[in-house]
Structures are given as C-alpha cells and as structure tokens.
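All remarks here apply to the structure that follows.
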C-alpha cells in the first residue's frame, strides 16, 4: 500500500539513523486495543452532575425574556446557568494571540445569531433530569430576518449578523473588508492573454464527526483549584480560554487531556470547558458537559463553506500568465478561526505553480449559521479543490495533458512566490512524475526530464515584479470596492522584514545537528529589495466618501515598524481587542 | 428517584449495580461500574462504539435497557485479553496499525469478535458486513479489515 | 415522574396495559424507543417490556408464515425457511442493530427507515393487532400503514403472510449511498407470481417514496398478465411513479428519487439489481 | 444502462505549521536514576500519533533505545506550554522542541559519562543500544544506566533538558499580502479512477494512486495511517459529506451517522502511495507532517475523473448523484472524454 522512494533527493538525506524512519509500534496502541486508553469521559467521579444547554430554535432572533423558574424547581436540578453567571461572557478564540475582537458569548445575552446557539445551561443529578428540566425553560423571541449566503451578507442593507462586525465581514488591518494579495499586474496580463477563463467553485460545510463528541468533566480539586478532563486539541489554548472567560488565574485550572477520540479541528473551540468549570465552581461538585451526537452534528462548529472565483490568463502554449482569486469564507455567526484561515489561504495563492502576475481578495463573511472553525486542511482544502479543477479545465482549453500542464507550470526552487518570498525545498514535479509512473499515465520525455532543482528562479521567475496597489474595499465604504489602483510599487519592493531565525533553546551538545533555521533569500538584486514606506492611505471611514472613481487624497504615511519575535498579532493585523 | 438493582456477569465476573428504570446499559457500565471500554458515541445506535456482546451476541449498549440484562453475560473489550495474553484480534489490530485515535477500537473489536466466534474464516465481504455498523473516522477502514482477516488467519493456525 | 419500566408476561396483559394507559410505550427491540429516551424526547411515562415467548415465535415451515412482532432481524437471518427474506434483513443496520431490531418495530419506522415493512407489503402481509384483552385481529399491512400516520392503537403481536410459491418470485432491491449499509434512497420489493410464464397478482412496494411504504399500483397493473419481457418492463417503468410522494431529506431530494425510481425498478425487474 | 470509467489527477502542496509562526512549543525531558527517560509535553494525540513521533525524535536525539523513552502528555501541571495540535504543526514545531530538550539532556548525559570515563565529552558517542563510548574505541564505554546512576548519586547532575521552538511571528502587508509564511511545504500528486452510472449519477471510486513528498517519513507506518485515512476522508468530502446538504439553504441537516453520509467499509477503493523524502531544512530530522494535506488532492482528482468519465463538471461539493445526473441531462447524455493510460 505504501512504499518509500529513497532514490529521490538521496543526497539531501542521511538515512543512517537509529529509530527515525522506522515503522515502530505506537506508544498508545496497547491502550487502544485493550480499552484502557483514558479519554476525557473515562473518569469516575462521586456525585457527578450533568449539564445540558437550552439552544436557540431560531436562526436569528432577539431574546425578549427568559423564565427558568419551572426548570429550577424541577426534580434533580442543582443549578441553572444564565448569561449573567458567566464572568467574562464575550470572547474570541484568537484573543489569546491578540487577533480579532471578542465577539462570541458563552451563553446568548440579548440576541441569538444561529439556530442552536446556547442560551441557558441546566445542571442536574442525571442527564434525564437535565433534559427534562431543559424543556421547562421558557424563552420568548422576536424572530429577525436572517442571511445565509456569503455574498448576500456583504451587500449593504443585509441583516446585521454580529454587531461586533456590523458590516458582516471580518476587518483586516483596521482598514479593509478583506485580505489582499498583489503581485505583478494581473489586469494588464489578462489583456495580454490568449485565453481568459473565470470559474466559480463552491464547497460545502463539513462536520468533523469525530467518534468522540466534544465534552468536558470539571471538578473541584484540593487547594481550591479545578481539575478539568478535556478533549481540547490545544490544552493551553483551552486552559487560557477558560481562564479568561471565568476570570481565573491560569494556575487555578488543572487541565488533563492529550488522549482524544478524533478532532480534525473540531476540538479547538473550547466550547464545553468554560461552562463545565463554571458549573463546578457554582455547585461545588463535578460537572460533566458532553454534546450528544445530534448537537455535535448540527451545532458543533463545522468546516466552513467557501466560495471561490478563479480567473486565469492563459497562453496557447499552456503558460498561465495571470491568476486572480476572489473567495469568501462562510464564518457563520462568529469569527472563531476563520479570520486566520483567510490569511493562510492568501499565502497559498496561486497554488504550487509559478505565475508571474497574481492577485487575490479573500473575504470572511458572517451569516446566520453555526460558526465554522478549523478543520484538517484549513484554508487550503477548498482552494485546492478550486485551483486543481481549474487547472484541469485550463489544460483542456489548450488541449494539453493535465500532468504535462502541471509540470509546465510547476514552481521550482528559486522561484518567487506571490507573497514575495523565494520558494525552496520544492518537489511538485517529482510527485507528478512518480504518480504518473505508478498510474501508467504516459508522460513525454521532456516532462520526465524536468526537475524541481533546475530552471527555477531564472530571469523574471526569481523577481518581484512592479505591482499596482489599491485601496479597494475600505471598511464601511462599499463604494470603494471598485476603486482604481492608487500607486505602482516598483519591482523588488519588500515591506516586511525577513523573519529572524527561530528561537531554539537547549544548548550544549549539537549532535545530532540542530535543524537548520528557515531562511528566506531576498529577491536577487535586479532591483535592490528596499524596504519602502507604505502607500498613501485613503481617508478613514469617518471622512466624507470621495466620489467613485476619484483617487482618494493622500494622507501622511506611517513609517514601517521594526519587527521582532515578541511582536503581537495586533501589530500584524491591527485588530487589538476592544 | 428510586434506583433499581441489576445483576449480570461482566467479562466473567458477577457484578451488581443500581440503575434508573430506563437507564441504558452503556450508562450503567460506564457510570455505575466504571467499565470504560465501551464508549459513548451517539446514543442513537448509529456509530457502534458501544458494541458489547450479550450472551455472545453483538448488541449496542446505548440502546439496551440495563434492567433487561439481569442475569445475562455482558462482554466488553476489557475482557478480550486472557489475563496478560492479548486476543488474536488485539494482536492483529496492533500489527496492522488498525487504530489511530482508538475511540472506535473497543466496539470494532467486539464486532469482529462476534464475527470470528460465528465464522472463523470470513471472507473480506463477511468482514465488511460485520463492521458495517461501526464508524471509524480515522483509518479509512482498510487497516481494520486487514487486521480482522489476519486475526482469522491466526485463529485458523491455532486450530490447525 | 421519570420513566419507569413494566414487564408483561403475556401479550394479553401487555395489550391491556397499553389500552389502559396512553403514557405507556411498548419497548420492543429498543432501537427506536431507547434513542428517544437517550435524546430526551421520551422523558416520562412507562416503557413496557414483553417476556411472552409467543412475542418472539416464528412459524415458517408452512404455506402461511407467522412471525411474532418481537422476532428480530437476526432471527430472520438465522432461519433457513426465510431465505427469500435474508437480503431484506441484511439491508437493515449492522449485526448489532439486527440483533435488537424487531419486525414489529420496523412497521413503525418512519421513512427512509422501514425496509422490512416494504418487503412485507409486497408479500401482502397481515398485521395482527390486539386491542385491550380482546383477541388479536388481522389488518392488511397497507391499511395498517395508512392508519399509522393517524396513530395506531393496540398491540402489534405479529405478522402473517403466504409464503411465496417460488423464492425466485420475490425480489428486493435497496438503493443507498453508503455501502454496505445506509439509509434508503429508496427500496423496492416485488412479488411476481407467475402462472404459465405470465405474471399474475404482481405486488410491488416502495420504501422512501412516500411517508410510509406504498404499493406501486401502476407498475403492478402494467405487469399483470404479461411475460416479464422488455416491453412489460418498459410499461412498468412508465407507470412507476403512480402513487408516490417522495420527500427531500438529508439523503436525496424528491426530484432525484422521482428521476431514478423507474431506472431502479427496471433494474430490479430485469434482475440487473446489485 | 451504461457505466463509464474516468481518470483524473491533481497536484498540491501544503504549508506546515501555523502559517505566520508565533506558535511556540515547549518540551521537558528528564531521566530516572537508571537512565530511563520521560518526555513531558502538552501536545495532544488525536490519533495522529503525537506521542509516538515525539518519542522517536527524543530517542534518536538522546541516542538511546526507543523503549527507554516514554512520552507523558498532556497535563497542564507537568507539561510545559504548547499551542496545540492543529495546522500540521505537531511534528514540525513540537518535534523541534523535543530535539532541543533532548540535546540539552544528552549534553549532561555525555558530560557525566565523560567524568566517569575520564575523557572529553566531545569525544563520546552513543550507540543507540544503551551504551556510550569513546569515538573509535568501543571498548572504552559505559552504559547509559551506569552513567545516570553516577550522575544522580555521585556527581549530583540532573540529566534533563528543556526546549522550545518558536518561529517568530510574521507581519502581513495590508496592501500586497507580503508575509513570511511557513518555510516547510509538503507536496503530492494523486490519480483517481472512477466509474459513473449515467442513469443514476452514482460515482464509484475504483482506485487511487499517489505520490507524496513529506520531508522525512519519521515513522512510515504512521505516515501510511495518515495518508490512507486521509484519502478516505477526501473521498468522503468530495462525494458524500455535508451537514447542510442543500447549502446555503440550512434545512435537512443530518442528525446522526445514518443521515450524515460517509463512505462505508464497502466503499473503499484500493490505494497505492509512494513517499518521497526531501527533508525540510527546518523540520525535525527533515520531517514535515502529512496530517492535514492527505485529503486535499482527492477532492479535485475525483472531480476531474468524473468529468473525464461523463463530461460533467460539478464545481459544487459534494458531487452527489443528483448533481452528476443533472449535468448529464443538461449535456443531453454522457460525454466520455479521452482515456489516459492506466
């Protein structure tokens, strides 16, 4: 089923190692086959209580009133949790790295923004008692109009999903309604292309569907701390999130996890930990909060749907000379991690190919559906579906074999990527060659002769081209979405300093050799890479909108800040928490 | 809520627990008897991670009334090994790297055990049929199918 | 007032309890009721278990087949006389589900579940329903299924049907997205008795093509008295949709079910069915 | 009825680790007095094999047998900070942190051995079987066990190490998207063979073949687990899965594993993979991390194979029988494309 082709890149490897590279049995396998592996739910507690949440039946509604009286009096009920019981009832996951504004409550306050949003939590002696009491909670709603389509959501006048982002999009750099990528002059190149092909792709949401549903058991521990058996994919991520929401010092929490029944990205959100711990704090007893399967399927955050428009300029000989991507991440009602995926996707454009002119506009849109989150291949999977189906269509359009077409356009060591860094350690061509050989898919001698190690970075392949930049899509100013380019960045322009080498603590003996550090070679000095001042900014949204078409007046340009390892995300994205 | 006593054999030893009237066997095993090998995956009968043997037949603990198990023999993955000696299926699952997160493994093993008890030399189709009610989200099933076929082979050799 | 559980040692006792207390639900195999309990849809009242051996009795050797409502699909699979129903039983759940799921329960399974009922409908089965302490009365399955939407009262004690003259006269075909086991896009059962090379009294039933299993009257008419040749099959396909009311659900749309029903019926009749 | 065969391919790359860096991982390693090592982490094993891969990295770096190392994760009281197991960062980031910690522990180990053997620590090597000896003179040796006992009870040394790995955070230029994203990229090319039923639109995956370049395959068996399971998940994504079957219409959401469609054990296709190893300059022993990317090429490869089989482009996932059938109808029937080898 799997073989290793040691004949490739052999001179780049020392295969004389002791245990690395050997198919040694997993440390955790004996536990798995004997049923002894301990997952979060496999812990016995005396007096265990069970937590169930009351969820919104509406996609979008104002909460008029909540009456928990009958539920509180129901048999077996120990405590009802309401929004007011949550110490810090507004959070966004990436606030831990200072990226994005707090926008999501643990329990809904004035409004529900998606069907299934938690409103009230019931804690009782048994799951049955909690479920019975849950039915007694009375919530009155005023139903509001909802929006489900990403492009509809971005139109002026669409229902406002999430007041923290009142225009239904995540705000990048406190400046734009999307994340930009600009490399060369795509518009001009489309004009020069033999063929221009634009297509629309749509992926669906995907449920992570781990066989173990999300859940937590939290219990008071000695020394006035709380032990938390968690299924989190990021132990300290979840600990930090819980500490913030519960306004506790991190050392009051003792998180135990690490053995998780599948995650695939669906156990990053830390939705069950804070409420379970809060329950343990307020009842003084162990509290278990586990999503049932229907909750996991319908209200556990999915991989978000993505809509991707790909526009390519193609020459008859098969060379792609321009690629523009416009895509929309469907974040659902809250940000969670979608904001980060869009940036990861931006760095991935145009895929593993060298294209001289590339641009993209990537939006994160809010809709009235369950918030989406990370999933296996986050930010890349949908783009790859779109790009690789597009590649098949392009090959078809110029009547080329799709494998030959990939090899012709493949990126190679030394090529300049669209995010203005030099590619290295590439191997796409070799993968295509080996797959073709295995599948007995005929390749030309010329295609079989190609190599990732040769031909990359030659001439313009290694250069950063002159690039027109624009101020389109300013926050709160939809009329700027079609504004013209405002400035031409000279060839070779770099504004972001190269990352310094990784911190790698642990000294003394250097054997075996420490991993090399990532090094980005700057563009070869055709035009000396110079750190330039940013382009003139458009006036802030508060200023009167300039008439469409008119170039915005110039404003003083802030000098580029020096970068260092300790830099906060806030300085990356300019979205410090409010 | 008045609790009801229930007694049954669990992996060969007599156990007793107090349950709620309508409590399912999975809850009784996990919360009443601290037998954590069978997992909760859905409570719907759609995932198979709670598969146990009752009087030798595969059943889903989450859909089985605990009080209905009075006097019967319940077997879980914890009882598969003979003391320190692993069952042929456990060895085959290890050899074939047939688990990743491991959460479906206890149920998968019991479904396979039920198959091999009835049919010591199953075909690939028999194996696929036997695990059709057990969801695995990690492995793509192929390593599990291979492991069960390998275990059947090992069984055969033992008998021969 | 959480759920409690009662045990009835005879069917009469069970029927009496069900008649006297609306809040009592019969717990047969548990695959339907226990899920409702686990997910909090069924929170109070009484679950009734039946220990009467007759509830799980099978008479399968004679011309008239009698199956207790408590007979499980695993029991069907283990019974050689019922070989013509094995493909149907195997189409339901995995081995563990079949160990629990009962024929009686399958009569109450809502679409797209209930494949066994589809087969029974094609076999013109009678459902034995006992109300109170009176003795059980036979209701045609078709009538029973129509009444089911309105909510049936009484205890289903079993089903009866005439064993097919030739096993080959009975065919079953389930279309599902997932292999080897999955919910029905649709299922089709056909009993095509054949007299002197001509079909007489054809009975065809569909699953997942309406809120309950339904007869394919159009197709039945088209085949009546015909030899099962290309022309007859064409005619049956042309009339396949009569009486269907498919739904759109997570598995397929109404449009798709309508579009492919004739295709799959044709494959069943021409024995191309997988 | 007609069933048409089709073939499609796709080639992809994948960035390893949190895209912009700024995602530290820490590791601690210590030895018992008899030279058995424990690695304390806060990494998560979701099934991807985090415990075993870090165990192998630690054993290799320390120069001791694998059975002399166990990994203990994740307990926030004993394990140091780690961002978590996502973005294919585990092997790359935590692997490097473990190397750093193991190097430090190994340094003390060799110093202690040097003191016992009265040689220079720089002249010592480990044989990976529990012995330390002078380079070129295997007879002048001491066991790891004896060394650890001497360090603990005679020399008063802690054979322990701490490590962190952090790629400093990169800024992103608002106007050009210029950034310093990951430096390690894995690569793949996958060929899918399918069969399409032109009367029902049903797609069957018959076979998959691929080549993956993953840096060094730290444990080929676990790489195989990821690639095989990932290919199944890709097949699932492209043909079956979604919690919103009629997106963006939110109705008819599946509630269980019967309604939520995924390929069953009867749907899986034969799959053959070749792995290429071009070590990542900054990866632990060149390792990259196959966990996330292994589903990605399957989606477009199957979509392209469906086109090759019947001439229908389905650009909206999942590729359901209904979408394929509607496409065939719109084209006035199946339009098989040119076959490609195989």
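So that you can tell them apart, the chains are marked A, B, C and D in the order they are listed, and the count of residues begins at 1 in each.
Here is the rule we go by: a residue touches a chain if its C-beta (ideal position, glycine included) is under 8 Å from a C-beta of that chain, and two chains touch if they have at least 3 such contacts.
As the structure is a computational prediction, the values presented were derived from the model and not from experiment.
The chains in contact with chain C as well as with chain D are A, B.
Most remote from chain A, judged by the distance between CA-atom centroids, is C.
Separation between the centroids of chain A and chain B, computed from CA atoms only, is 38 Å. Averaged C-alpha coordinates put the centre of chain B at 30 Å from the centre of chain D.
In this assembly, the C-alpha centroid of chain A lies 18 Å from the C-alpha centroid of chain D.
Counting partner chains per residue, chain C has residues 2-3, 37-39, 180-181 touching two or more of them. Residues of chain B found to touch two or more other chains are 1, 20, 22, 42-44, 46-47, 97, 99-103, 128, 131-132, 135, 137-138, 142. Among the residues of chain D, those in touch with two or more other chains are 45-47, 49, 221-222, 224, 228, 230, 233, 245, 253-258, 260, 262, 264-266, 271. A complete topology is adopted by the chain contact network, contact being made between every pair of chains. Taken together, the chain B residues at the contact with chain C in this complex read 1, 20-22, 24, 43-45, 48, 51, 57-60, 62-65, 67-68, 111, 114-115, 128-134.
Only residues 2-3, 37-40, 43-44 of chain C touch chain A when the two sit together in their complex. If you check the complex, the residues on chain B that touch chain A are 1, 20, 22, 27, 30-31, 34, 36-44, 46-47, 49, 76-78, 80-81, 86, 89-90, 93-94, 97, 99-106, 109, 135-138, 142. In the complex of the two chains, the chain B residues touching chain D come out as 42, 44, 46-47, 97, 99-103, 127-128, 131-132, 135, 137-145. Remark: chain C residues 175, 177-183, 248-253, 255-256, 259-260, 263-264, 267, 272 touch chain D in the complex.
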